[in-house]
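Shared between the two complexes below is chain A, which pairs with chain B and chain C, respectively.
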Partner chain A sequence: MLKLPVSKMDELFSLINSERTLYMPLEKNSEICFDKWSSDASIRLDKLNTVKSPKDFFFPASENIAAFKTKGKEIIMDDIRSEIEPFALFGVRACDAESFNLLDLIFLNDKDFVDTFYESRRQNGIIITTACNEPEETCFCNVFNIDAANPGGDISTWIIDDTLYWNSLTKKGSGLTEKIKKMFEQADESEIADHQAKISGVINKLPFKDLSLDGFTGEALIEKFSSNQWEEICHTCLSCGTCTFICPTCHCYDIQDFDTGKEIHRIKCWDSCMYYDFTLMAHGNPRTSLLERFRQRYMHKLVYFPENNDGAYACVGCGRCVQKCPISMNIVKVAKALKYEGMK
Partner chain B sequence: MQRVEGEIKQKAHELLKSGVVSSVLAWKKGDLVYDAAPAFFKSPNALEDMVYNGFCCSNLSKYLIEKDSENEKVLVFLKPCDTYSLNQLLSNHRVIKDKIYAVGIGCDGKIDIEKLRAKGVKGILEIEEDGESLKIQTLYGDETCVRRDILLEKCLNCKGKDHMVYDELIGSELSEETALGDKFSQVDELEKMSSDDRFEFWRCELSKCIRCNACRNVCPSCTCRKCVFDNPHSGVNAKVNVTDFEENMFHIIRAFHVAGRCSDCGECTRVCPQGIPLQLLNRKFIKDINNFYGDFQAGETVESRSPLFDYNFEDIEPNVISKGRGIN
Partner chain C sequence: MNNKEALIPKLGIITDIRDETPDVKTFSVTALNGGVVFPHMPGQCAMLSIPGVGEAMFSICSSPTNKEFMEYSIKKAGVLTDWLHLAEIGQQITVRGPYGNAFPVEDDLKGKDILFIAGGIGLAPLRSVINYVRDHRENYGEVDIVYGARSADDLVFRKEIENEWDSKNGVKVHLTIDREQEGWDGNVGFVPGFVKSLKFTPDRTTLVCGPPIMIKFVLKTLEEMGFDSTKIYTTMELRMKCGIGKCGRCNIGSKYVCKDGPVFRCDDLAKLPDEY
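The block that comes next holds the complex of A and B.
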């Protein structure tokens, strides 16, 4: 473990930025989101969760995967793929860092169908996490065995009073550390123990810390799917895309052809199961009602995903949906409603 | 508003039990102090979870649309501002009055939890509404806050505490005035900018848009059965900004489409996860309509016709605008 006075962080950022483009939570146009660092940027490491998760660094909201034009009867394909520059994300929270591992299960795990766009971003990105000094009441990462006091990624950091602690976890992380090591002093893990205990103390007081997902398994598929709770909990859902678009683990996408007037762009873009045209096909839509679409989102996260991925839920407890749903519906309320019926 | 909560529960109980209505549209208690959700209650037992407090922000009138296709009558509780939306829906024939029983309820302004967070308050566990001050218990100690400082944008520009349409009133005498001043002052500021600065302002704001469509879907004036943006053949994408002008396009079209029907209920601004000041677009249209055709408030009465739907020979023709000049 290494350490550095917080007063030298700017110097550190500048050094990292000379190795690879550095992104972190910045405030711009009264919005806090991950953006390109510069020496005069307004850094907001105090903000726990950015509204948009940093998943779009690997899985962008919209991406051009091919372009083509026609010339007479000929179709000319352009390879529009550009090289991904090496980059680093600083200040990623434990929950968001874990979300990348879940996205890997989708885009990388099946060796016959690797998403090479995603893969090259993953290979070129280094994730530097920061422990959460002050978890919010909406956080429930602990439910998914994620430790906010001990975040993952390639490098984890802790900002404790005037000191930044730095610990590499992966080969990629050590590679970067090696290049900037001269800035740091050696530190001992025991120096952060009290701080970690303090964070765990807060986690223990979080309102959702005891949320139970017992019984959300593939075996319970039919029971959960046919629960009579769905109608009530989805009744006032607006069918908007807020919950899916801000969620770090939602990963459904659509592929559409877009006519720019000069050529056709084939774009891959985020999709939302809450939208009426989700999985719309020539014959129509397999899910025609709001209830079916709403149910899809939560069944996917709490039942189908764990069934297909060794029990891993497609949620990291970041609490974004708890904070931002316009009608205050969220995965916690859904899990509780469905659980309730299971116990009856 | 504690008293109002008790009385509206009682009213709901009475009308459900007697069979006058088959469901009640109100707010349901959540897990946190501020996350009351709009909900339909179908049995007297369910009413236990009903709440009415400073966090019951949502405008329930939109949920009444197309209730006429169901064979039931709904009891709905509406704050003063929500009744403008109901009137608007009634005059557009999107809600049938016979299918609803509207109870107007008192309101002393609703709280914007995001404004509280923006003040640096973290880990919010309890909020006690004590007149003009709020006592907040957090994971990191106690805080206090002046209620007025964290009211929703819509409440700071409240249209007044009278209900425009109702079958019955509960607690309206307890309402408290929350409006702070001129609702067009921010629009005036924008109008004073050069057109390039104003263009830049909107480019910055709208570039934050994630195309979640929450603003559209919550809007009681957006009631098309199928939105043009949901048409795959429209050439614009509903879920993503394919070009860097698409989100601008979406907002321009939406603002034009609700012009004259927007009652300034403030829901779009409230729900935008990115904090885009959408009210400014709508208020610019409202201001211009007032200037061109005389003061008009959408939803004030059911009979009133929006100046944009009406035509008379005195109407001005504000259609020739040279770039950079704008109309004031």
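The block that comes next holds the complex of A and C.
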């Protein structure tokens, strides 16, 4: 473990930025989002959740995957794949860092079909996490065995009073540390122990910390799917899709063609299962009702995803949906409602 | 299959277009330098597109034994299919695939007496299997094909059915149309009732494809006739974008039709939520 006075962090960021483009939570137009660091940027490492999760660094909201020109009956296809520049994300929270491991299950772990666009971004990105000094009341990452006091990624950091503690976890992380370690002093893990205990103390007081997902398994699929709770919990949903866009683990996408006037771009872009046309076909739609679309989103996260991925839920407890849903519906309420149904 | 660039298509060219019915055409497609764009097994699908118009999943209705070209029978039903129906021979298209599993032609179907039941354009995915079975006739037992459509004009592959699928080769075809029609001397009535009247023995291995409502009634009829759902297969279709189980829209419960299907054994399908 290494350490550095907080007063030298600007110098550290400048050094990292000379190695690879550095992004971190910055305030712009009163919103806090991951953005390109510069020496005069308004850095907001105090804020827990950025508006959007940083998933778009690996899975962009829209991405060109091919380009075509047509000439009469002929099609000319261009390879428009661009090289991904090396980059680093600083200040990623433990929950968001875990979401990348879940996205890996979708985009990398299927040996037959690796998403090479996602893969090249993953290979070129270094994730530097920061422990959450004061988890908020909407946080429930502990439910998914994520420890906000001991975040993952390639490098973990802790900002304790006037000191930044730095610990490499992966080969990629050590590679970067090697290049900048002249700035640091040696530190001992015992120096952060009290601070970690303090964070754990806060987590122990959070309102959703005891949320139980026992019983959300593939075996309970039909029981959960057929629950009579869905009607009650979905009826105020606006189908706005906010939850899907701010969620770090939502990964459904669309493929659309866009005619630029010069050529046709084939674009892979985020989509939302909350929209009617998501499953619309020429001959009908299997999810015509709000209930069916609402149920699909939560069944996917709590039952289908774990059934296909060795029990891993498609949620990291970041709490963004708890904060942002305009009708105050969220995965915590859904899990509780369905749990109750199962116990009846 | 290892297809690292699964979303990036290959180019193909339409080499022949045949009118099947007023709203169904069969397109022959080859790679730009001839031959099939990629090998496939009966029941698998491919994503076809016209850049700027759209991309959609279609069943490959030619048999893998045809190494010269692939065939797709396409009903005029939306933006892309309308466009394809206006296309001419020589039109290039993009093709990617093959996607999904296949009918178990080399396992569970081998040596069995087979019953094919199809309605309308639903014969397209089964045609691949039927012609595969005909080309390896010695590997399979009796073959009966029950096929129905709204009218005689809506029967696809009519010429092929009349000229090639005959009892000489041990393939019996039973046609039916929904309503009486001048010049039609075959059976009149819906597919499920017709299947019942033909009194097939329930030891048959059965492959069913057609409109969802027909499939539901056929499965009910087969159950009443004592057929075992572990020997009935069907093939499904839902909206798809990626074809590789990632874009998230063609799932029935935790199964993705594009990757875990499109072919499902009916006892497995019965375990999934009724959302298709």
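To be clear about the criterion, the second predicted complex is superposed on the first by the 344 of 344 C-alpha atoms of A that agree within 3 Å, B and C clash if a C-alpha of one lies under 4 Å from a C-alpha of the other, contacts with A are read in each partner's own complex, and residues count from 1 in each chain.
Just so it is clear, contacts are C-beta pairs under 8 Å (C-beta built on N, C-alpha and C of every residue); 3 or more make two chains touch, one makes a residue touch a chain.
As the structure is a prediction and not an experimental result, all values here were calculated from the model.
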Message: Under the superposition described at the top, does placing chain B and chain C together on chain A give a clash or a fit?
response: fit
Task: Examine A:270 and indicate which partner it touches, taking first as chain B and second as chain C; both and neither are also allowed.
output: first
- prompt: Now for A:114: first (chain B), second (chain C), both, or neither, which partner does it touch?
  reply: second
Task: Have a look at where A:281 lands relative to chain B and chain C in the superposition and call it first, second, both or neither.
output: second
- prompt: After superposition on the shared chain, which partner residues are touched by A:322: those of chain B (first), chain C (second), both, or neither?
  reply: first
Field: Which of chain B and chain C A:62 touches, first, second, both or neither
entry: first
- request: For the superposed three-chain arrangement, provide the angle chain B-chain A-chain C between C-alpha centres, rounded in steps of 10 degrees.
  value: 90
- prompt: When the two structures are overlaid on chain A, which partner does A:308 contact: first (chain B), second (chain C), both, or neither?
  reply: second
- prompt: Can A:193 be said to touch chain B (first), chain C (second), both, or neither?
  reply: neither
- prompt: Should A:333 be classified as contacting the first partner (chain B), the second (chain C), both, or neither?
  reply: first
Minimum Cα separation, chain C to chain B, after superposition on A (Å): 9
- prompt: Just which bits of chain A does chain B share with chain C as contact spots?
  reply: 254, 259, 271, 280
- line: Residue positions on chain A within touch of chain B in the complex are 29-31, 48, 51-52, 61-62, 134-138, 202, 205-208, 232, 235-236, 238-242, 245-246, 254, 256, 258-260, 265, 267, 269-272, 275-277, 280, 322, 324, 326-330, 332-333, 336
Field: Residue ranges of chain B touching chain A (in the complex, touch as defined)
entry: 30-32, 35-40, 58, 63, 122-125, 138-140, 204-205, 207-208, 210-214, 216-218, 230, 232, 235, 237-243, 270-271, 273-275
- prompt: Where on chain A is chain C touching in the complex?
  reply: 65-66, 68, 70, 73-75, 77, 106-107, 110-116, 218, 221-222, 225-226, 251-255, 257, 259, 264, 266, 268, 271, 273, 278-284, 286-287, 292, 296, 299-300, 303-305, 307-308
Sites on chain C touched by chain A in the complex: 1-9, 11, 49, 51-55, 77-78, 81, 88, 90-94, 211-212, 237-239, 241-242, 244-254, 271, 273, 275-276
